[in-house]
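Each of the two complexes below includes chain A, the first together with chain B, the second together with chain C.
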Partner chain A sequence: MNGVSLSVEEGETLGLVGETGAGKTTTALGVLGLIQCPPGEYVRGEVLYKGKDLRKTPEREMRQIRGAEISMIFQDPMTALNPVMTVGEQIAEAIRLHEDCTAAEAEKKMIAMLEKVRIPAGRADDYPHQFSGGMKQRVVIAMALSCNPNLIIADEPTTALDVTIQAQVLDMIGRLRKESGTSMLLITHDLGVVAESCQKAAIMYAGQIVESGTVEDIFDRTAHPYTQGLFNSIPSLDKKLERLRPIRGQMPDPTRLPAGCEFAPRCPYADEQCVKEKPGMVELSPGHFCRCHHAGKGAPLYFPDERVNELAYDHGLPVSNPGNNILGKEAGQ
Partner chain B sequence: MTQLEVKNLKKYFMTPAGSLHAVDDVSFTVEKGKTLGVVGESGCGKSTLGRAILALNEATGGQVLFEGTDVTHPRGSVRKKMKREMQIIFQDPYSSLDSRMSVQELIAEPLNITGIVKGRENVRRRVLELMDTVGLASRYRLSYPHELDGGRRQRIGIARALAVEPKFIVCDEPVSALDVSIQAQILNLMADLQKERGLTYIFITHNLSVVKHISDDILVMYCGCLAEKCECDDLFEHPLHPYTKGLLSAIPIPNLHYKRERTLLEGEIVSPVNPAPGCRFATRCPHACDKCRAEQPAGREVMPGHFVACHRAEEINGL
Partner chain C sequence: MGKYVLKRLLMIIPVLIGVVVIIFTINYFSTVSPAVILCGANATAEDIAAKEAELGIDRPYFVQLANYFWNILRYGTLGTSYIYKQPVLDMIGLRLPITIRIGFFAALLSAVIGIPLGILAAVKQNSVFDYISTILSIVLSAMPAFFLCLILMLFFSVRLKWFPVQGVESWRGYILPIVATGVMPIAMTTRMTRSSMLEVIRQDYVRTARAKGVPERTIIWKHTLKNALIPIITVVGMNLGLSMTGSVLCETIFNIPGLGLLMNSSISMRDFVTTQGCVLVCAFIISFMNLLTDLCYAFVDPRIKAQYKTAKKPPRDGQEPKDGKEAAA
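Our next item is the complex of A and B:
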């Protein structure tokens, strides 16, 4: 992660989008102070929650904030639950840790939570392996919501689920969030999910936010070449395309980042400045930020045709040497 | 020309809990040079269907005809010929390659087993040709799978399948494990290969936008059974089966201006172990009636080329 800045307003959902290894999950864990140090290290920066810096908050206090104020829905419901505790015990445990209540009160609240996520109360004494994937994820959601948090961090909550179950789970998160006015940071790699459930979005690439703004900014006024590349890579359901226009090459190795713009080796617009100099964030319109030297200088919204033809024969170029990208084939053939 | 014909194919597995009906009475045909997309949720029997067609799991019942030859239970010379003409690309490029073999050895393996290329020098040349075809730089020749990323590993899987010059390939979720930008590269490669070589594909996936992009025809499976089969555009414009409708409306679409009616499917897929009589989808179907719960619907040609397994297809679609 490298100089990431994000803000989530009260009651708002921010979608954090990026490919595997872009640093999405690390961002989430960083907010909660859950990164193991060493090998991790917080070099600089602050995490402000309601104006208070969580990085300077002592661990004792953080434990109170995690779960009660900010809670997290983990990606994989199959591993996020304890296999040797019943789901009822697990939810009640979260409640008793954060709220001053008796076991009986916690149990009552646990049952209410289960019913909220449409799991019959009778199943509270079952173990996680007795549930299907969708139900397990609903248990994880019940646990995350059990202490009425102000902010939910959902890390790919539906990636492990089938589409019809995903629709159910997203619908439920949206409904519960609206009822309680909770804010949410939704981490996903699916732009469709962002279009349906977020008001704002931020696109992450190689540990940095490359574009952020309202969903209208991102979807209708796409500015960063990487964001454009992501849209062009997705097969469309409403248009018939002959060919996809993938982003050539791969994400750079985070231990050997390019000297200039991180995206330059894969970018169709990259020029000398991009290879040498790191671009800063440019505010294109109020709230719409883009990290690109060419942003706002009338860069075309889609790749021009001759570029597309060039990309069509791209079979995955090395990212370490931008000069080779023009050749259309990997070096060393 | 019909290249592959599948007739009432069944594959049951015996489990401690009872008989698991992974594929139950599925029939369809695939034309030469076309792509049939098979979609469905996890556990609906898509992969088992692909494997049963290739006799990797031999079918419990029914018949698979490839260019007129019965290959359901291939033996002897039929088996040898079939293994060359029908190939598979596996889902997971992380576990389908032997981690102790180099790229060169992995791609040479099918050549050596079938003996279609003889002599060490010829094999080496053919391996380099194949690597070029799938867009792998020759400098990866001596690399091991763990040194390569998912996209490159999947290219090895494709090169292995192409090595024996097959006519027909079952692609079992070849891009599901990959990121979108890499996924698009692989999809373009597969489309190019099909055009160049006139390959026939069965493309198994749970990703509906991918299947729409690549397929000519689509088969929707639900819990081991065929739900709907028709031309690709027809399916997206006029879905007739209530499950297909629910499935289509559940896909999140990355476009803020795409408006549609949302039919949220309640409940979850039923267990395929000792399934109850009746339509497998009846428990989640908003239109289910007594007949649906009593009698399993067979696939019927409701409109020309449009097959639906639903008792009430005409009624609920106003046909």
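Our next item is the complex of A and C:
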């Protein structure tokens, strides 16, 4: 992990997007101080929460923050729940730990939380193996929200779920988040999810943030070739494409990163400078950052698929930016 | 659950029948007849034949085998020892309590010492403590039992004179045999606990517990240990069964009148009916301990418990959630 800088304001949702292995989960665990050390190691940097550096917070205090102020929804609900404890116990445990209440009060609150995620109270005494995947994830959500945290870190909350359940779970997270005004860091590799539920987004590649800004910045004014590549890999409903254009190649081995820009080996625009020199973060417009030598210089880097642009031209449309497909906007608006 | 236990108890019967048939067959084809040993060196062929007829071992294989089972079912006896002329069941009844006492405490020792050691080694993985306990447990589990018995006896009985060299007249006599029988199980339990704990501690749900802010101590005892218990129970249950059926070596060295010693002497004296009785009792103890172990699994893991249940319990309030549309609404 290197050069990761994220900020989530109160009540805001930030989407953290990237390929598998880009370091999204590691970033999230790093915030909570949950990286196994060794082999993990915190070299430098700070995690500021309400002005306090969590890296310097003693473990005892961190425990009070975890679950109570910052809580996490995990990627795989199948393995995130303890198989030998009832779901009720697992939710009540978080409440008992962080709230000054009796067992009976915690129980009551646990039931209320279960009902909030639409699981009947009678199932509180059941064990995780008696639940379906979607229900397990709702239990995990109930657990994460049980102490009204200020920040939720949702680590690909829908990746392990059936497509039909994904939307429900996301809706549920969004609804509960809005009800309590909680901020959220939503980790995903699904740009559609970002468009739907985030105000800000950050794109991660090989342990770095390569582009960050508001959702409009990212989708309408896509600046980084990697972000464009991500958009090109998504099928569109209203554009006819013979085949998608995935980003060629693989993410570099994090222990042997290239000398220049990390993305250069896969980048269609890479030139000599890119191979030799690491690009810095450039602020293209207030709040819109991009880590690319080409960013903001001259013509914006548009959709590289000539054919699609030709099609757009034929129809009298301005050359489009692919991000618009996902936002559901008319091209060029 | 009751049905399951009954089923498992009934399943012990074919196991015992199998054990009896195997042991009986081995004994039947043994090259030295018990009568030869009983009659001594100067016996004539007629003496031996007469003795064989007296013991009933001149009859055909199936007659003898059927007779053995008939005695068990009809009279509840395991026959009469060729040498001591006593009912085998009485002889075992006299010796078994001593063996069980030693075996139980040895297994208890292995659990009480082995599990905490294993937990500590797992929590402090790659520390000096971890290395020492790993090396010690490998060395101890590789050490032959008779060697350990002799070392213990030499040091604690002969040199320090803390414990008697042989016999179990007082509680002091039990100490060394218990330790000697317990060392290997301790080492096995320690290693199994360590590896099982390490496996569970890396699970996602332990991370979930950490993310909830659960203190480390609770994570170890509540979240990790209970999940790590299945392999530990297996080892402890196995040790319990094995050590309660008596260690032949240990009982021979310390001259303890237990099941192991009886079995050993009956084999060397060709007192086959006694051997058979001992093996049958051992087989029963081990089968029973296996059953107890399996029942303990259900106690620890609700998923296994669910398998044991014959009928599913209906949901408490009768309203199963409709997973799909209701939640999305």
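In this section, the second predicted complex is superposed on the first by the 298 of 333 C-alpha atoms of A that agree within 3 Å, B and C clash if a C-alpha of one lies under 4 Å from a C-alpha of the other, contacts with A are read in each partner's own complex, and residues count from 1 in each chain.
Operating definition for what follows: a residue touches a chain if its C-beta (ideal position, glycine included) is under 8 Å from a C-beta of that chain, and two chains touch if they have at least 3 such contacts.
Computed from a predicted structure; not experimentally measured.
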Practice task
Kindly classify A:132 by the partners it touches after superposition: chain B alone (first), chain C alone (second), both, or neither?
Solution key: both
Exercise for the section: Would you check which partner chain A:79 touches, where first means chain B only, second means chain C only, and both and neither mean what they say? Expected result: second
Handout entry: Which superposed partner A:49 touches (first chain B, second chain C, both, neither)
Key = neither
Practice task
Give one of first, second, both or neither to describe whether A:167 is in contact with chain B, with chain C, with both, or with none.
Solution key: both
Practice task
Please indicate which partner A:189 is in contact with in the superposed arrangement: first for chain B, second for chain C, both, or neither.
Solution key: first
Exercise for the section: Classify the contacts of A:65 with the two partner chains as first (chain B alone), second (chain C alone), both, or neither. Expected result: second
Exercise for the section: Go through the superposed model and pick first if A:230 touches only chain B, second if only chain C, both, or neither. Expected result: first
Exercise for the section: Report, in rising order, the residues of chain A that make contact with chain B in one complex and with chain C in the other. Expected result: 132, 134-135, 164-165, 167-168, 171
Problem - Residues of chain C defined as touching chain A within the complex - result: 203-215, 222-223, 226-227, 300-303, 306, 315-317, 319, 321, 323-324, 326-328
Practice task
Would you pull the chain A residues touching chain C in the complex into a rising list?
Solution key: 29, 32, 34, 62-68, 71-72, 74, 76, 79-85, 93-94, 97-98, 117-123, 125, 127, 129-130, 132, 134-135, 138, 140, 143, 164-165, 167-168, 171-172
Practice task
Would you tell me which residues of chain A are touching chain B in their complex?
Solution key: 19-20, 132, 134-135, 162-168, 170-171, 189-196, 215-216, 219-220, 229-238, 240-241, 243-248, 250, 312, 314-316, 318, 329-333
Practice task
Sort out for me which residues of chain B touch chain A in the complex.
Solution key: 41-42, 132, 134-139, 149, 151-152, 155, 179-185, 187-189, 191, 206, 208-210, 212-214, 233, 236, 246-247, 249-258, 264-266, 268-269
